[in-house]
Structure formats: structure tokens, C-alpha cells
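Several structures are given next for inspection.
Shared between the two complexes below is chain A, which has chain B as its partner in the first and chain C in the second.
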Partner chain A sequence: MHERLSFFVKRDSALHHLNPLTKIVLALSIILVSIFSPWYWTSHGLLLVVIVPLVFIGKVANEYFTSALRLILPAAGFIFFMQAFFQPIGQTVIFNFWFLDITQESLLFAFRIATRITVMISAFTLFLLTTHPSELMSDLTRRGLPPQFAYVIISTLQILPQMQAKAQTIIAAQRSRGLDTESTFFKRIGSVVPLVSPLVFGSLVEVEERAIAIEARGFTSKKAKTSLYEISDRSSDKFIRWGLVILVIISIVLKLWLS
Partner chain B sequence: MAFINLNNVTYKYPLTKTPALQNINLQVNEGEFVAIVGPNGAGKSTLCYTLAGFVPHFFKGEISGTVEVAGMDSSKSTLDEWVLNVGLAFQNPFNQISGAKYTVFEEIAFGLENTGVPRNEMKPRVEEAMKLTDISNLADRSPYSLSGGQQQRVALTSILVMRPKLLVLDEPTSQMDPIGTREVFGVIRKMAEGGMTVVMVEHKMEWIANFADRVVALKDGQVLMEGKPNEVLTSELLAENGFGVSRYTSTTREAKKQGLWKKENLPVTLDEAVEGFKK
Partner chain C sequence: MFEKIKKDFTTMTWVLIPVAIAINIAIGQIVVLLKLPVFLDSIGTVLVGIVAGPWAGALTGALSNTIWGLFNPDSLPWWPVAFFIGLVAGLCANAGLFKNWWKVILSGFLIALTAAIVSTPISVYLYGGITASGSSFITAYLLQTGQGVLSAVLSTGFLVEPVDKITTAMLAFVIVQGLSKRLVARFPRPENAEVESGNNTTQIIIALVVVVVVVALGFVVRNMLAG
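Let's look at the complex of A and B:
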């Protein structure tokens, strides 16, 4: 019941010590380069040469490969087969099943798309695994993100699991009064109302109380906010960020120039 | 001039017909510990919100009369000035957890971050406040993993750390066991002796009798009675109006009718009752 929606794993690594913004820029540039680069090998190249080493530098190999197996492989695999079968390109048929053909070209295309998807999800998984959400939000608030916006993001991550737990309590309470939640489809539809209404109305009341509580702690105070933890933003962070931006620009230019 | 000065205050929530507070007059001096008692719907929470500035600044509605706290006039100052001087903690601890923080330590620092306290001051202040309410051992826990009583302590600490001049508490010990209640009352007493003014809504009569300087009894949005804890809590007027009284008061009231209680005044606490029966 007390779990929270966060992928963050606390480790002591070079990646964890980077500024959160640097890590966002890193994830985005990996994705953009893999999309814009004109060469076929870029995506799987990035995966092997950039993402896998970063996973080890960040000391999150276990977590990364678990989520890779659970989430990334099924998603990428599905897209690979869909593209391989249904992409109507190429002449060299390798495999034929009923009206579906796999050609050499469609296979290559499917592989490219699937690796690109893998790179995208991997880059973000890596970012989420090594960045504490509240550190990210404090850093972005310091850079001018409205604190209300940051609050909504962070509190949602924490309050959703609590609401889930509350929903379970309501279900248990209503079932103990004889509410039918396991028989026919239409009866179950009918039992949605007594489950959802206490949850929704209860949450609305809670929102008001929570608003009072954070207001009482100066949330809308006009004084400049400070932060408990200092979030490091070294000159090396700035250097990395600008370097990544330049790489992205280069890959876009190359794409335009070579195609 | 008194530290809290409510003059003929009448307040009506938006969309309601009857006022929640009617002609309230209340003066509290600096460093005083005032307890508020009353049945459900008597206006206790509304009075708390008024003292903390949320009525009328947060709830809107119609207010008349004057509300002055710590030299501020509610009609002239805004809520964000008000919260710097007045701390408010209320009953449901779960809704007082901000949700923006992952550990108890960060949770308590939330108010300091918002009001711009410098970082080097923040850590010692949080540590000191946690020591005061005896929750230092919870510092690295998630606020959501705590029990109701622990969460109430965290909520109280989050307000104490901001060092308000006036502390407004709406049933701050409702989910605590007797030991926790005694400790929290002890802390609040200490704060009052240190010069902080405290206004507290509480149902635990024996604790009020032991710790508060004065009791205000509310009914239907009006002040029914006020005075020394023992006078108010044992008065016939309260019993007639359906207020909860301590079990020692009701027992000895019965005993007095049957001639078993010889003293003039009724007790509120166990100790007083034992003392009275011995004589």
C-alpha cells in the first residue's frame, strides 16, 4: 500500500550526481540523434555504445534489464513483427505465409523502427532510474517552472497509490455489505456507482483540506522559495548539455545534407 | 492590547443560511493556552479557521466584526502574511501531508522552503523541531508509511518548525494513544510557556484541565461560557447543553446527589477525584 509511483533507485554513481536537467537533455538528445541520424546503424549503435555503458556507469543494470525484458522487448518485438509483415516494400521475399510476405527490405525497416523504439524507451528508463523526482522538480522550479506545476506532478505520483489503496478499502467495505462485484457483466456495471462515488467525493473533500494544509505552510507565500538540498549544477554539466545540443544539431544537418 | 482580539465576529459560509459564528467576542493574551470545547457543529473549526486567516481569505463568505491577531487586521492583511504569524494544524493527519515530499525530514522542511528560510538555517531548525516532538527516528521514512498518530505528530512538527506566534490546533491528538497525547500536550504547554500563544480544540477534558489556562465553550456558533478549566468543565450549564464531560465529573456529580461527595467543586481529572474522595 505504501509503494509510490517512482522508478528512482538510490545509488552512488556519476550519473546520479549529474544535474537533473543534464539528464533530461541527455535522454532527449539520444532520442533525437537516433531519429535524425542518416545512417542505418545509428540506433543499434547508440544502444550498444551509449545506453548499455551508461546503464553500467549509473549502476542500475539490474533494474534496467528487468524493465527491458518486461516492457521494452515486448513493445519493440510487437512493432518489429507488425512492420516486418505489413510494410509493403521490397521485392526479395524471404518468408511467405498466406498473403503475408516478409521481404529483405521490410525486415531491415522493421529492425530499424524496433531499435529506435528501444532507444527511446531505454533513454527515458535510464533517466527515470537515476533521477529523484523531487530533485528534478526542485531543479526545474529553480529554473523558472511554476511551483504549482511541480507540485501537481510530484503529488500526483505520491497520491495516486494512496487513492488506489483507498479504492481497495471502499471495495472491501461495499462487498462486506453485500455489493456484487463478481457476477454478470451488467451487475458489475451497476456496482460501479457505489464504488466510484465515495472515492470521487471523498477525494474532492480531501483536496480542500490539502489546499488548506499547504497554504498554512506558506505555499503561496510571495517570498522567494529556498530548497533544503543543494542541487549540483557544475560547469561540467553545462559543458555536457551544450555538447549534446551540438550533436543533435549536427545530426539534423547531416540528415538534411545527405538526403 | 490583547494578542488575539475578536470583536463581535459573525461569519457565514458561502451558500449557507445560518451563520457558523455569531457575535463572537474573544480576547487572548500572549503566551496563553486556551482550549475550545463544544459539540459537533458548534463552530469550533470555523473559529480555528478564522484565527488562522482562512476565514474569510480562503473560504470567502460574509464576515462582520473585527479580527485582530498579532497586530494584524484580517480585513487589511492577506493570507500569505497571516500564515507567517499563525500556524494551523487540524484533525485529519493524512490530508496534512503535503504529498510533495518523499521523507519526513523533507516534509517538515516544506514550510521553511516556501517561506524562504536560508538552507543553512533550515536543517538545524527541522532537527530541533523533530527532537521537540520526539520523531527524530522517523526522519528518513516516507510520510505515507506512518501511523495516524505519527502522521499527526509530523503535521504538528511541520507547523512548529515555522515558529508561529500563534498556534491554532484543531483536535491535534485525535488519533493518538494516551502516551502520545500526554507527550504532545507537554510539548504544547512548553511552547506556551516559551511565549507562544495556543488555541486548541480538544475533546479530552482531563487533558484540558491539566494543561490549559482557560476554556471557551462554544455552542451554535456562540460563546456559551468561558473561564478557568475547572469552573467551565464542571459547570451545570455545560452538562445541560449536551457537552461531553469527563467521566470523573459525571460520576462525582451523581455521587454528590447521593451525598457521597462532600466538596463544593466537582473534579475533572482522576487525581482530583481520588483526592476528593479521600477527605
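Let's look at the complex of A and C:
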């Protein structure tokens, strides 16, 4: 019931031992380099030379490739087809359908955008698989992020599964009093209100109770809080972070210089 | 300035934000399942904008898209849009535009304009104008007729957004009016949600009728464009 929504996989690897901030900087710089780099093959290269080896270093290959099949491939594939069909660029027509044509140029463009999306999602997935959300939040709080932000993020991750469980209870309760939830389209639309409104109003009414509870535990107190866990931040972490920042700056400069 | 913003972030606001994000995601997913011609993924954001001011709304929007990105990665790059939806909703509420049903239509329209303008550069730069959303069909058609990318994306936004954002604003208004006065009074800006004239039951009924009419119109327009 109080399960947290998280993709974290507990393994013992070099990637898991990195400081959480280093990992977030790594993910962001992969994304930024793939957006800003002026060369066509950068995103493809990043995927094969950086992300795939990191997946194996982080020992999360199974989980990564499952999520790649389930989440990344459909998203990227859809973008690829939309782009290939709808981009009106290029002369060399390969295939024509109604007012839409696929040209060589639009195929190349679609391939680039789809890979870029794959790189963005992969970098983010890799970060989520190897970082525990609470570890990230306590590290960021230690560095000066207001603790309220950490509360909002961790609490959302907790509330989502709770709400799903509550929705299941409401559906069961409404069905037991004869609400039609699975026949024709219009009947299903009609059943949205009795299903959604108890969920929404119920969770909003709980807000006050929650506020009183956390205020009683010193939520608004200004004193520095002590942490139960120590999070390592070695000098190699700092070295990696600055190296990545410099790489991003180089790619932005190159983009501005070459275009 | 900062003192004023700080006043909006009471413990009630901090606790409301996660619940609002969960509402965004829950309703957004139900709408996807029902294949309605709207997204309705920012009801919670607008709700926070009404009862806790523009900056709380903006924060809710930005965090909402970031967290939704965990299981729907495509929503991640659109966080600036959600940020401005919350901000504009809060500004409208401060100006008294959430006090009866026809004013809510106006604020829904203003939110829609903002969303269309903010999403255009993201769509053009990141996706070359064609995104994963179904409305890209219209953009593609406009591109084929020889319009520039920027104006094609912008006109699609102006066509599609009002239906969605007016419905969103209306439903947020209905939810706030449906809450007990005692609960609303605990939030930083209860005066934004006070109904000007008439009692709030009639306002809720009129607002729900408007929602049904707008969604039905959306259906008709979509079917006309598709067929």
C-alpha cells in the first residue's frame, strides 16, 4: 500500500556509487550535447558509445532494455513515422500517399529526431534506474535545495500509488451498487463523474489533515535538520561534473560557431 | 516581492501541490483511455493557481510535467508550457476571473493563448513542428499548403488549445466550488474562489453544461477535420 513509485534497482556498481548530483549532471549533459551538437551522427554515436556501455557498467542492462522495448521504442517509433510522413522537406520522393510524401531528406530528418528522443529518454531512464529518489533529494537538500521541494517530489511519488489503490476501491464500490463501467462508450462517459469525483474530492479533503500532521513534526522549522544517511561525494565526482559542464559548453560554442 | 510570494507558500500549499500533481496525472490518464478530444492534464495546476496564487500554480505545473516524465517521457520537454499555464491561471484568479462561469471562459481562453505561444518554440525547435500529439495532423496539413513552420504550429495551437483549456478552467472552477467553504478558507487565497452573484450550485451546473457543450464541439470539429 505504501509502496513508492520508483524505478531504482539496487545493485553494486560504479554508477550506483557515484554521487546523485554527478549522475543528474551526466544525464543532462548527454541530453544537451545531443540537442546542440552540429553534426548529424552525434545522437547515434552517444547512444552506442556512451549510453549502452554505461548501462552495462551500471549492471542494469535487463531493466534498461525492458523499458527500452516498452517505453522508448514506441515513443521514438511514433515520432519517426509522424516526422517521415509530415515533414514537407526534400525533393527525392520515395513513397507517396494522398498529400503526404516520404522523401529521402525527411527520412533522414525523422531518423535524427527519433534518435535524439531515444537518447533523451535513455539518459533519463539510466539516471532513474541507478539513483534512489530519497538519496537524490537528501543530497540536493544538503546542497541548499529548500526541503519543501524535496517534500513535494517524494510525496508525489508516494501519493500516486496510493491514489491508484483508492481508485480501484472506488471502482469496486460503485460497481457493487450497480454502476455500469464497461459497456457502451456513452455509458462509460456517464460513469466518469461518480468514479472521478470521490477520488478528487477525497484527496483534497485529506490535504488539511496532512498539513496538520507535518506541521506537528516541525515542517516549517527553520533549524538545520540532521540526516540519517551519509551520501558520498568524492573528488572524482567533482572532476567528472566539471568535465561534463565543459563538454556541454564546447558543443554549444561549436553549434553557434558552425551555424 | 519575495515576501509576498512567500506568503502564498504556507504548509497547506506545500501539501496541496503533490495532491494537485496526482490529480493532473490521474485525470490525464483517464482522458487518454476515453479518447476524448482534449488532454485535461492541468486541472490540478489551475486549481493550485486559483487557491494559492500564480507562483504556486507555476511550480505545480513545472513539477507535474517533470514527474509525469517518469512514465510518459514525452511530457518532459513541455514543462515550460505547464509552468506558464499555472502562472496565468493564478494571475487570472487574482484579477477576479474565477468568480463566475462566464469569467472562467475568459480565463480559459487566456490560458489557451499562453499555452499556444509557449509551446510553439519547443515544438519547432525540438520536433521540427511535428510532435507526438494527434493535433500534428493539422500542422502537417498547413505545412503542405505552404505555410512556414512557425505560423503553422502557432495556428494549430490557437485552434486546438481553447477547447482544452476552457474545459480545464471550468472543471477546476467546479472542483473549487464543490469544496467546503471551511476547507477553501484554509488556503492562502480563498477570496479568489468566492462566487460573485447567485449561489454556487447554479454556477456549478452552468459550468458543467458548458464543459459538455465545449467537448461536444471539439468532437464535431475533430470529426470534420478528420473526415
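Throughout what follows, the second predicted complex is superposed on the first by the 226 of 259 C-alpha atoms of A that agree within 3 Å, B and C clash if a C-alpha of one lies under 4 Å from a C-alpha of the other, contacts with A are read in each partner's own complex, and residues count from 1 in each chain.
The rule we apply is simple: contacts are C-beta pairs under 8 Å (C-beta built on N, C-alpha and C of every residue); 3 or more make two chains touch, one makes a residue touch a chain.
All values reported here derive from a predicted model rather than from experimental measurement.
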Broader residue contact with chain A after superposition on the shared chain, chain B or chain C: C
First (chain B), second (chain C), both or neither touched by A:Ser155: both
Which superposed partner A:Ala224 touches (first chain B, second chain C, both, neither): first
Which of chain B and chain C A:Glu206 touches, first, second, both or neither: both
Touching partner for A:Arg188 - first (chain B), second (chain C), both, neither: second
Touched partner set for A:Pro88, first chain B, second chain C, both or neither: second
Partner chain in contact with A:Ser134 - chain B first, chain C second, else both or neither: first
Contacts of A:Val196 with chain B and chain C, given as first, second, both or neither: second
Partner chain(s) touched by A:Ile214 [first = chain B, second = chain C, both, neither]: both
Common ground on chain A, meaning residues reached by chain C in one complex and by chain B in the other: 151, 155, 159, 206, 210-211, 214-215, 219-220
For the chain A and chain C complex, residues of the former touching the latter: 5, 7, 35, 71-72, 75, 78-79, 82-83, 85-88, 99-100, 109, 113, 117, 120-121, 124-125, 128, 148, 151-153, 155-157, 159-160, 163, 167, 188-189, 192, 196-197, 199-201, 203-208, 210-211, 214-215, 219-220
Chain C residues within the chain A interface of the complex: 9, 11-12, 14-19, 21-23, 25-27, 30, 34, 59, 63, 67, 69-71, 73-74, 76-77, 126-132, 136-137, 139-141, 143-144, 175, 178-179, 183, 186
Chain B - residues contacting chain A, complex: 49, 52, 54, 58, 79-80, 83-84, 87-90, 92, 94-102, 105-106, 109-119, 122-123, 142, 144-145, 155, 158-159, 162
For the chain A and chain B complex, residues of the former touching the latter: 2, 4, 132-134, 150-151, 154-155, 158-159, 162, 206, 209-228, 230
